[in-house]
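Have a look at the structure below before the remarks.
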């Protein structure tokens, strides 16, 4: 598995090289540089974050790691919460933000468009404690340079109502071929990136399709995934995008089986919903968030201070517990309020995360190393997703 | 000095106001000579320009300009990897919009939902507004109107989420209906219609109420005196008076439904409307989103043009 | 109109049922604000004042409320000026394209928020960026004012339509200067219409979410945006219910005052 992964990153690097050289003369202005050393803080930093990543205590007095940061560094934090990866990309394009907590389905786009700059990890002292499994991955690096600081990760698991689903499922088959058993009560994540879940299932069950990487699909492979999802659509009750929606749906029984995040399963169980979340035998897709710095950052020094702050063990632990994810900093596991947190989220379990195929932006150059084939890109996935939902 | 509250003897009706005055005329003074008249006309022109200039300038610069920029960008294209807009002229987006069957399905579904919402609101608003304006005692009118308008302040998202809780599988509605052997619609297209009709109902009641309230009592009495029964009076007097107001209300119910995408996300189950597709393309492929936007823009401009002929815009 | 008793009762019944449906979800919001179950499980598993206490101490709500009020007031002020001017132009003058003006003014509110939002976003980015002006409260106000103009225009226009021009003529005949006529005749006559229009404009701005999303800058969180962000967080959704419950209770006040002050029978137009 590790070998494939290395192969994939090499392929991705090649692909990116192709993509960038194809841009021709633009290339020159796009190659941004990482700073050699840091200066004084600018007194301000503008952040784009997922809800729960940059809490200042205004929503929950106990969750506040922004004010301590402001006090320590003198950098005032202005946060814009983004709802989707696409929103993050378009907000970054405005050039008004210094740093962003981008997921893997946004990072490559930001790197390629020249909106995200390489990061000098020397200037982020806590980088050395990041789990090795998150360093130099295809979704956060290019040409052997990191384009951000890993923040946390999670898998897209299979959740089901133990009282409504009689046999405990151990395969994604339950939401694909066997979805009709729960017709009208199956749920799926509402984003084109969910196509990768179908591709992953086909990769394991239909070897004849030749899928090597769920994010590298040629036209025929995409069509096969779309066909599978169209069939699934008939049994879908609703597609979910935010976790409140998902929790209420499982609570009320509108959804009885479908994809989930660990945190949703935990919260639903805390509300006494009879649910269970498992990693099916095919493995799973997942997400990994990276703090990236804008090439147009007006406050780069404060941005670097934020990067180091947010992955420092204590803060990383706080965020990971508040948001419900596996922290990126290995030392964070000693700092969590719940000592079992890292175990529950498999934070230090590299063998667990080797089964997770992290979200990556699909691009025309196949990420699995195929050279004579053109793969489908994210724009095509988006159109396909519209068609699947009909 | 207070505004004259007494209404003119012959109510001009909502559609046809009194003809606008050519200019704030000097009234009954002796007719001015031709040169003075020309000067007055010029002064009136200048005053008109001063009055109309700022709002039109604002509208053109802030809104129509933006809209034009958006619609022009429908003819551009996107770098598929970086999502950057590339300014090369192409009709690919429009071509794709018109030839892909799924967009037609979605557009048709959206329009059907908007029409259904409008009809439901009209059917509900008419008796409610009639009761409030003509049947309930004078003392009750104001509290009733307050009761109808207050929910407008409760927040669109909160109301939509409240409906999500109501319509859930184990939700309030199903638990209430269960003893009767019935169950609610669950999440889906029906839920979208119900919730949108709920959200926009006050926008329909308000203009209809204003129109019905304005019917002079003696017109209704005369109708009865001439031997017309309630149904006849309804057909010949009430409905014609309410018609422009119903159309005015429909501008809101129809167009607000046509562009909605948040309610659909909350109670729509797996339904997608044109607004959702635009929202999903916005950040990824702005030119395609712009092309998709043309669909509601064209539909609403046509709808507005149609109801304007019926005088509805004057009774908004 | 002479209606039979049955007809009156039937109409009353429809109205009562309609209002019951209108208020059922609001009642549910109120109930869920004391529901100890975070995900609004039904029936409530227990009652708690925890969410009310959390909301009371929430700095985010206060900030968002302040931002919303500021955006609403600024947008309403702009809408009052522009809407009144347009109403006077259309109802006191005759010119080519007079009817087109009301058509154009209604466009920003009739077109979907998402279309207006992305159009404004694209335009701001191309125009303001080179000037070094970023997105912020200012851009939100511009967006809101644009669709608020029409409600002021409609309210003032409706009043002017019924206000006999002979009043201003009489004023002029009695020797009043134009500004005196405006000060003592026209303004008092349209005052309540201005109030009703202003209030509705404020309400529209206060509840707007889609255009706001596309025009707000970093740190510009209006109340609906705060609600949207927090409904998606399981820890926060019940607190949102508290805020909504308070808003509903408080909103009776401005609506009622508007009804009392307004001499328009409907108390305002959309």
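We call the chains A, B and C, going by the order they appear; numbering starts again at 1 in every chain.
We adopt the following convention: a contact is a pair of C-beta atoms (placed from the backbone, for glycine too) under 8 Å apart; a residue touches a chain by one contact, two chains touch by 3 or more.
Keep in mind the model is a prediction, meaning the values are calculated, not measured.
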Remotest chain, subunit C as reference, centres from CA atoms | A
Chains linked by the largest number of contacting C-beta pairs | B-C
For subunit B and subunit C, what's the span in angstrom between their mean Cα positions?
-> 14
CA centroid of subunit A to CA centroid of subunit C, Å | 38
Each of the following residues of subunit C touches two or more other chains, namely 40-42, 228, 231, 237
Indicate the residues of subunit B shared as contacts by at least two other chains.
-> 165, 168, 170-171, 282
Numbers and ranges of subunit A residues touching at least 2 other chains | 245, 248, 251-252
Using the touch rule from the top, collect the residues of subunit C that touch subunit B in their complex.
-> 1-4, 7-8, 11-12, 14-15, 18-19, 21-26, 28-29, 32, 40-43, 78, 81-83, 85-86, 88-95, 98-99, 101-116, 118-120, 122-124, 126, 142, 145-146, 149-150, 153-154, 157, 159, 161-165, 167-170, 172-173, 178, 184-185, 188-192, 203, 206-207, 209-210, 223-224, 227-228, 231, 237, 240-241, 244, 247-248, 250-252, 254-256, 259-260, 263-270
Considering the complex alone, what residue numbers of subunit B touch subunit C?
-> 1-5, 7-8, 12, 17-29, 44, 47-48, 51-52, 54-56, 58-59, 62-67, 69-70, 73, 124, 127-128, 130-136, 142, 144-159, 161-163, 165-166, 168, 170-172, 175, 198, 201, 203, 206-207, 209-210, 213-214, 220-221, 223-224, 230, 233, 238, 248, 251-252, 255-256, 258-262, 275, 278-279, 282, 286, 289-290, 293, 296-297, 300-301, 304-305, 308, 313-314, 316
Using the touch rule from the top, collect the residues of subunit C that touch subunit A in their complex.
-> 37-42, 45, 54, 57-61, 63, 125, 129, 134-135, 216-219, 228-237, 239
Residue ranges of subunit A in contact with subunit B within the complex = 19, 84, 86-87, 89-90, 93, 108-109, 112-114, 184-185, 190, 192, 233, 236-239, 241, 245, 248-249, 251-254, 361, 363-364, 377-380, 382, 385-387, 389-390
Contact residues on subunit A for subunit C in the complex?
-> 46-48, 51-52, 56-61, 78-81, 83, 94-97, 242-245, 247-248, 251-252, 267-268, 270-273
